[in-house]
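Remarks on the structure that follows.
Chain IDs A, B, C, D, E and F follow the sequence of writing; residue 1 opens each chain.
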Amino acid sequence: MDDQRKKIMALREKLAAGGVTLGSWMQLDNSSVAEIIGNAGYDWVAVDLEHGHFSLSRLPDLFRALELGGTLPFARVAQGRTKEIKQALDAGARGLIIPMVESANMLADCISRAFYPPDGIRGVGYSRANLFGKKFDAYTASHRDGIFMTAQIETQKGVDHLADILKVPGLDAVMVGPYDLSGSMGMTAQFDDPVFKQTLAQILACCKAAGIPCGFHVVQPDPNALQEKIGQGYQFIAYGIDAVFLYAQARAPELG
Amino acid sequence: MDDQRKKIMALREKLAAGGVTLGSWMQLDNSSVAEIIGNAGYDWVAVDLEHGHFSLSRLPDLFRALELGGTLPFARVAQGRTKEIKQALDAGARGLIIPMVESANMLADCISRAFYPPDGIRGVGYSRANLFGKKFDAYTASHRDGIFMTAQIETQKGVDHLADILKVPGLDAVMVGPYDLSGSMGMTAQFDDPVFKQTLAQILACCKAAGIPCGFHVVQPDPNALQEKIGQGYQFIAYGIDAVFLYAQARAPELG
Amino acid sequence: MDDQRKKIMALREKLAAGGVTLGSWMQLDNSSVAEIIGNAGYDWVAVDLEHGHFSLSRLPDLFRALELGGTLPFARVAQGRTKEIKQALDAGARGLIIPMVESANMLADCISRAFYPPDGIRGVGYSRANLFGKKFDAYTASHRDGIFMTAQIETQKGVDHLADILKVPGLDAVMVGPYDLSGSMGMTAQFDDPVFKQTLAQILACCKAAGIPCGFHVVQPDPNALQEKIGQGYQFIAYGIDAVFLYAQARAPELG
Amino acid sequence: MDDQRKKIMALREKLAAGGVTLGSWMQLDNSSVAEIIGNAGYDWVAVDLEHGHFSLSRLPDLFRALELGGTLPFARVAQGRTKEIKQALDAGARGLIIPMVESANMLADCISRAFYPPDGIRGVGYSRANLFGKKFDAYTASHRDGIFMTAQIETQKGVDHLADILKVPGLDAVMVGPYDLSGSMGMTAQFDDPVFKQTLAQILACCKAAGIPCGFHVVQPDPNALQEKIGQGYQFIAYGIDAVFLYAQARAPELG
Amino acid sequence: MDDQRKKIMALREKLAAGGVTLGSWMQLDNSSVAEIIGNAGYDWVAVDLEHGHFSLSRLPDLFRALELGGTLPFARVAQGRTKEIKQALDAGARGLIIPMVESANMLADCISRAFYPPDGIRGVGYSRANLFGKKFDAYTASHRDGIFMTAQIETQKGVDHLADILKVPGLDAVMVGPYDLSGSMGMTAQFDDPVFKQTLAQILACCKAAGIPCGFHVVQPDPNALQEKIGQGYQFIAYGIDAVFLYAQARAPELG
Amino acid sequence: MDDQRKKIMALREKLAAGGVTLGSWMQLDNSSVAEIIGNAGYDWVAVDLEHGHFSLSRLPDLFRALELGGTLPFARVAQGRTKEIKQALDAGARGLIIPMVESANMLADCISRAFYPPDGIRGVGYSRANLFGKKFDAYTASHRDGIFMTAQIETQKGVDHLADILKVPGLDAVMVGPYDLSGSMGMTAQFDDPVFKQTLAQILACCKAAGIPCGFHVVQPDPNALQEKIGQGYQFIAYGIDAVFLYAQARAPELG
């Protein structure tokens, strides 16, 4: 588990030096899918517990398959509640992505749920994360260093409170949720609308000013779109989704 | 997915014309059971996420099996919280049955969680419901028309606030929960008690007055009981439960 | 486990005294279904490993659910091969139903695969049946008494060799497979054909003469059909199938 | 189900007479593990829904496997929310262990969620606990007698409010959570710290004064540690965890 | 089920008219993957029971997900044994692909295992394929028309006996297995070796002469390779594999 | 995958140098159990596909969990048939343990099924073992070096033919199956019988003479028994079984 903490700390250093971290996203509940994406060259892969349908008992298998390929297992939780944060971390998640962050208080609560006392209120216990207690001490010591916390900004309200949100201790990165953000602005998926683009620019600038890396989910796999986002200054980037990778390639060719 | 929305809209029209819709109920986590009931002639089948024990990863399989038989997949959620409403809909549920509705506010919150902006606050994202984004536009457009919302009235408090509850925009039907209602009245399962019967009549009358179809769960499969309920004016009727169908038939005959 | 052997021995005594044993049949892979049927009053329930789709890892759960209701777990294997007989018994099956028995040799081989040395060649090892070794001695001692062996006669060839088949040591009962038997006779499911009926009578008479109880699967749940079979002299009777129980009851009533 | 209630009532009597009840703990989602521990001589086994990773659909199988060995199925819930209490009980749990109890109000709410009206607000419905309605009356009558309620005291705040917590009607036992308690005191896992030991003594004394049995989780399997706890006056004791039992024995011996 | 038979018959007509049928291949045990590929425009999708790892209980869910998208569910069995052919068909497979066919006898045996009497010896019974008996008559009548039989030629021995193999009644198509064929020729995956290419040409010519459509598995998704194969005269073509589609797209782009 | 081959080759070298390799055994279908035993210090762990109940789809998860701890995944197959050998290896098994080997021919057939052409007849294809083709070349090259083949001698007939069995090319080790061997000798589990002990000595001597390491399964975890076996000259040793480890520790202590 020590190795995982080192990787998280290296991730922070890369971002602090202005670098980019590339991760990916899972919605298919299958651990061979996880092993494939875990071997595809990403720093981390987020299991989407918000819009995906994963049974709790499947998390350890998915995380093991990601780890086996040398990739850090992250979880995008559904709401940031105590139970789901505890259970994602106890299964071995090394990063959490909190959706719909709209205030500093809400984020501070979520971060508090993720850290053991005295840094927070996460329940202390044996679980898969510490190999059911066998690696309890190694996992628990400096535990906070080994968890990467990301806040999704994906509503107008979140944008309005961004400056405060960025001050919450323990926050490692921000990530834009383009579908929800456009939805909350009354322009679902109209990503070329100038107002939407301006809001994105505002978020990015605010993050830069606060020294917090800003991120984006490039949902459709397209290296050009990825380079564009990097060029704009995004550093914490999710690329694609397992199901999207699959159907992008799987379409039956037209027979002439 | 378009087809499903058409079916929901046809359901509303049938009810508006005074007709009856017949559905059924599942508590057994097995998708061959779903395929059997999906082929049994019901308009919809509700997967009972309150008293049943279904893992989240099983919902898509159950819903696919129901859809394959031409039946609309509904979900009776456990409490109407954000996470479970989002995940039931993302799995493909086309109707939600909210238990223990006791106030207009509570119902309005639940309905808000079920609709995309600007109609509500449901998270916008790729999921099984839109085939992981492949059918995103078709699913999202006029999305609200394709979700059928039912409130269960099953406490005295719910009865007391029924008039207000019936005014909440987006409500499609009301459904009595006889076990809980009798329990909250201190007469668990005493369905022949005159006070209980009077309460039922009051609910039915209140719904009629508001122009909202009233429903009932005829738990024990009995065509006569069903006809009686229809005769009384109930329009949105759940008939039986998979497990009850099973043990009603499965009892070993006495050997003479 | 001792209790189970006693039940099997009591079953044999009941049959030897001319009595009838009533069991049922499972094709749905769900252990709540097993618990329901395990509580429905049958002596035994056969999990259908031939036409059902059960993963190997599910057998212990299904058998535990049957046992919890006091019902003996049986397995109808797919072909009577070494591996499946060993694995059904190791999971805790107390009776085996061998399909398509067509010769004394084939049956003797199957029975040999079911008994430990020196009675047969079943592999000796720790498994769920002996609680992973914790109940090894209790399970192993007089093990043969605790396994009920049934041969299905369901082809013309099986009928032709029935007299020899009935002489195989260790055979407890015979069971007619009406669908396959009619199929092999070129009259699939024409159960009222006089030639078919005559063949049934011939099987029954042959069993009586050999002192081996004859059985039948009354597939459609119908107490009259059951009584008729008992009246004809069948003693080892399977009644219904879980899926058939379910859809027989689950059909949506016609709305007038 | 009647039998289970009798066992719960006998448990209460044993404790009231000053006796000790010994249970165990599960974090591995496997029902053969449950059958093994269910046969190991404990009064009850708690499935850990807080730090373990159990899918909802697995609870009935785990509980059946425990019951088959004559052991009472308990659940340690994650937070004591309505949904998880309802679903653990509906799956057949006969005891609930509520973590992080910090006030009388919080405990009273949890207990209210566990009992049917008029004792509480638990939803009344068919479920696995009443064999999907087949045993509804037997299960429902005097239902409250058949559920054992335990509050975990594992924060300083819980200790501070212990006297009030102990007065909540329906509470059967208290259980110390040593890891969390030490964490909340700023001395994670320093179980020999005199301040920590004094706090334990304070809890025990407070329980004695209130006439409520006090409990402890002896996490590392060690009969001497167990005897020490009994000697100190603990009555409601969890011994070991499945995963800990396993790795304590499974370590590869050093080859000389 | 009638619809499925019509589709199989239309497939045969298309091939008889010289047309091409395009299918795909699954090795990932996940039914959302099946739904995605079932919606990708293929005539059929083969679940690979030889090199994939699918539990038996998963087949019905995978087949339902394929059917829901209007795609025919096929199975590539592991060896063509009685048990696996029966269970694939009972789960609803409408086509079978038999690996390593090396003689006319072996193929005739496999085909015999797939058809009900009098066409073959497949066991007659209720199963998912006939909705547990509810659609027994519709499924059973003219059953043979509704099953598409494909033989894989993938060893030198199979090539040597191809002329005889092509005469076996009931054979619908032949499919080359390039990896195994090259392996058996001592040139694993050397698809450009002239001897290998000559063998492919020989197979194709032999099939043409016999009037049996010849097929190929274009494993790497590449429309040009597909067109090349069509140009060469292959008619029954599998395109890609789910896992290959996935990792072909999922590779993390190089960051400049 | 290269790493795994290196480990197998190192294992062979250790044995060739007279060293001892220690592995363990799994019968519980749970991948957290696999992760725990994979971290317990063994060279390899055999998943028992003979007496355990593992669904095919579970093998990749179990093997990944073992690999994550740095332990080689082995499989004890049920019978050594083509399908199960192919599927265990395709799931990633790096060693096979063949039960009930009774002749050189039988063993040669099994070994042939495990190696790709030209060394054998194993089907060549994409699968989890080669990451669905992504690591096809690395896995396939010198593939034979990376598979460890063990024959179980556990019948009198196997003992009688041992000298011939030991000459089969590709055999890496022999392992005694004490339960079955004693059973086949008419003295089930009477391990202290002098005739049984003499047979063990005979096997050991025969292996020494042939230069093939001999192995044993020390079923009950007991370091002294292990040292005794090593002292006798056994080199390939399985120690314990997951379920046995568990219940050896899990027994409830007697309360004085």
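Here is the rule we use: contacts are C-beta pairs under 8 Å (C-beta built on N, C-alpha and C of every residue); 3 or more make two chains touch, one makes a residue touch a chain.
Protein names from UniProt, one per chain: A, B, C, D, E, F = 2-dehydro-3-deoxyglucarate aldolase HpaI.
Not measured: the values here are computed from a predicted model.
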Along the shortest chain of touching chains, how many steps lie between chain C and chain D? 1
Among the chains, which is located farthest from chain A on the basis of C-alpha centroids? C
Take the average of all CA coordinates in chain E, do the same for chain F, and state the distance between these two points in whole angstrom. 35
Can you check how far apart chain B and chain F are, centre to centre, with Cα atoms defining each centre and the answer in Å? 53
Scan chain E for residues touching two or more other chains and write them down. 27, 29, 32, 36, 39, 55-58, 60, 128, 131-132, 134, 243, 247
Where on chain A is chain E touching in the complex? 20, 22, 24, 27-30, 32-33, 36-37, 39-42, 221, 223, 226-227, 230, 239-240, 242-243, 245-253, 255-256
State the interface residues of chain A toward chain F in the complex, per the touch definition above. 31-32, 35-36, 39, 60-61, 64-65, 67-68, 128, 131-132, 134
Which residues, counting only chain A, touch chain B once they are in their complex? 27, 29, 50-58, 78-79, 81, 84, 99-100, 177, 179-180, 182-184, 186, 188-189, 219, 241, 243-244, 247
Any idea which chain F residues touch chain E in the complex? 55-60, 82-83, 86-87, 90-91, 116-118, 123-128, 131-134, 136-137, 140
